[in-house]
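In what comes next, chain A is part of two complexes: it sits with chain B in the first one and with chain C in the second one.
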Partner chain A sequence: MRTKLIVILSVLAGALLAWNLHTIFLRVPDEASQGAIFRIFYFHFPAAVTSFTCFFVAMFSGLVYLNKRDLRFDAAAAAINEVAFAFATITLITGMIWGRIIWGIWWAWDPRITSYFICLLMYFGYFMMRRAVDEPHRRARLSAVLSILASVDIVIVWKSIEWFRTQHPGPVLEIRGGGGMAPGMEAPLFWNCLAFLLLESALVLVRMRQQSIQSEIESLRRYAHAF
Partner chain B sequence: MNFLRQALAVAAKDLRSEIRSKESINASLAFALVILLLFSFAFDPTSDQVREIAGGLLWLVFAFAGTLILNRSFARELVNDCLDALLASPVSGAQLFLGKALANFLILLVVECLSIPVFTVFYNVHWKQSIGLFFVVMILGTWGLTVIGTLFSAMTVNLRLRELMLPMLVYPMMIPALMGAIQLSSLLVAGEPLGADNQIWFRLLIAFDVIFTALALALVETVLVG
Partner chain C sequence: MDRNFEYMFYGFAAAWIIVIVYVISIALRERRLRDELDRVKRMLEEGQRESK
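Presenting the complex of A and B:
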């Protein structure tokens, strides 16, 4: 069942990504002031949306664990955070490439970029902490708490664009109070968000399967050592 | 009322044991002085530019010295299974946490008050009328550091590599509070007036303190007991 779901999600994500790549690189015209580099936004923004969404979903999964004490929710939270971490790294790297071309620098110590980096460091700590705890329920509890604390920080990141004077471009999309993009240019962005979310779901399922196999191997190893 | 009384009892216990042993306060003060000394090698301590970054230096010293205190906070209860005894006592996790946070806050405040005169002399700082406001920033910032730090001290107390895990987890979390405190302190040390656009840093500090105190009180039972 899970394998079938992974295949379906991967095929959907792959097809959608291929179609999006075609639209982004061949159909959408260059942006008036930025030229071709603006296309990186089609990857930067969906990766950011995906990572944010997943960090929050992982937090809720942690909350459900705290409520039900079912380790499957902790495994899901860990898998989601791992994949979200990869997407967050993509956001940061694509942002840096864009900054190098448009601002002339790889890194600007702007509050939003800095907060995003802080967020990455926090989740790095999250993975380190998970490795440092052996007892599964204790690990799940601490992970859930850390996830909640980190999510509060993500809210500060999300709001910081309005709170601080910032070098990061202001909201672009109309739904967030920006001026909006040209009509044909906004749709591929949302399609790519969907593609990234599908890809994320497929990767999370793969990661969860790896985790369950890993714990099975560990229990077999313990069983073998018992004799 | 009962809640506060029991939290204060925990705080008094921690402070009493600290006054008798002085282990955290001595280590943390010595560490603060060493860092202040080391900074003087990194740049010319008498130049005017230093005054602009002095607030930042000071808070880095506080944050580094603070971790030493925070690391000991729960770790000192591990000997003779004192932590288990505390958890088994009628004191709730939130009370235990609040008591320990208060004790850490006071100890760190003492270390800060002792480092500031040294810092003033070393870096030739002229305090104008800003010292009162600086103390407000110090109290807000220090509470932010201790509340987050004490929660993480509770989280990491039973972990392998506890001494490594605490700074790694706690510094990224502290950053919003540190950012606000550094920004305000730098202005105050430089003797500049706090304009209306800097009020946001005060709000950030207060919001950080309130949000994380509430979260910590709500979550600490889960961390300690399960």
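Presenting the complex of A and C:
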């Protein structure tokens, strides 16, 4: 059942991504002042939004673990955070490449970018901690706490472009109070968000399946040692 | 504008490379885990045969 769902999600994500790439490169015109490079936004923004969504889902999963002490929720949180981390890295790298052309620099210690970098460091620490702690319940408890702390930083990242007007552009989309994009330019952005979300869901399911295999191996080993 | 196209390519290439590397790492982990599961199951079966 899970394998079937993974296949369905992957196929849907692949088809939607192919359609979106066709639209982004062949239908959407160049932006008036930025030229072609503004198209990076079609990957930068969906990667950011979907990774933040995943980080929050993982945080809730951690909270459920703290409440129920069920290790399956910790496993789910770890899988979701890992996939979200990969997509958050895409956001950072694509943003740097865009900044190289538009700002003339690869990096700026701007509140949005700095808080985002701190967010990535926190999740990097999360994975390091998971490798370092062997006792499953202790690891799950610490992971949940770290996840909650990191999600506070996500709120700071999200709101930083409203709180501080510095290097990073302010809100662009109308739903966040920005000036909006030209008709026809905004829709592919949301379709790409959906495609990324489908792809991330498929990857999370694969990671969760791997974690079940891992626990099966561990329980078989315990069984073998008992004899 | 040419430079913009070049860096646009770098941006998309970087994004796809990250996705592909991550997917490959997941696939490798899956293979390693399945091999390990088979090995543990075999070990357990051999152990049970010997104890009989």
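As a convention for this text, the second predicted complex is superposed on the first by the 219 of 227 C-alpha atoms of A that agree within 3 Å, B and C clash if a C-alpha of one lies under 4 Å from a C-alpha of the other, contacts with A are read in each partner's own complex, and residues count from 1 in each chain.
Please note the rule applied: a contact is a pair of C-beta atoms (placed from the backbone, for glycine too) under 8 Å apart; a residue touches a chain by one contact, two chains touch by 3 or more.
Just so it is clear, the structure is predicted and the values come from calculations on it, not from any experiment.
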Check your understanding: When both complexes are superposed, which of chain B and chain C contacts more residues belonging to chain A?
Key -> C
Review point. Taking the superposition as given, does A:34 touch the first partner, chain B, the second, chain C, both, or neither?
Key: second
Point to revise | Touched partner set for A:72, first chain B, second chain C, both or neither | key: neither
Exercise for review: Please work out whether A:213 is in contact with chain B alone, chain C alone, both, or neither, and reply first, second, both or neither.
Suggested key: second
Review point. Of the two partner chains, chain B (first) and chain C (second), which one does A:43 touch, if any: first, second, both, or neither?
Key: second
Review point. Looking at the overlay, what does A:153 touch: chain B (first), chain C (second), both, or neither?
Key: first
Practice item. Report for A:89: first if it touches chain B alone, second if chain C alone, otherwise both or neither. Key: second
Exercise for review: Would you sort A:97 into first (chain B), second (chain C), both or neither based on which partner it touches?
Suggested key: second
Review point. Between chain B (first) and chain C (second), which, if any, makes contact with A:223: first, second, both or neither?
Key: second
Point to revise | Where chain A meets both chain C and chain B, residue numbers | key: none
Study note, to complete from the structure: Interface with chain A, chain B side, in the complex: residues 151, 155-156, 158-161, 165, 168-169, 172-173, 175-176, 179, 200, 204, 211-212, 215, 219, 222-223, 226
Revision key, fill the gap. The chain C residues in contact with chain A across the complex are 1, 3-5, 7-8, 10-12, 14-15, 18-19, 22-23, 26, 29-30, 33-34, 36-37, 40-41, 43-44, 47, 51
Practice item. Under the touch definition given earlier, write down the residues of chain A that touch chain B in their complex. Key: 66, 111, 115, 118-119, 121-122, 125, 128-129, 132-133, 137-138, 141-142, 144-146, 148-150, 152-153, 156, 163-164
Check your understanding: Residues of chain A touching chain C in their complex?
Key -> 30, 34-37, 39-40, 43-44, 47, 83, 86, 89-90, 93-94, 97-98, 100-101, 199, 203, 206-207, 210, 213-214, 216-217, 220-221, 223-224, 227
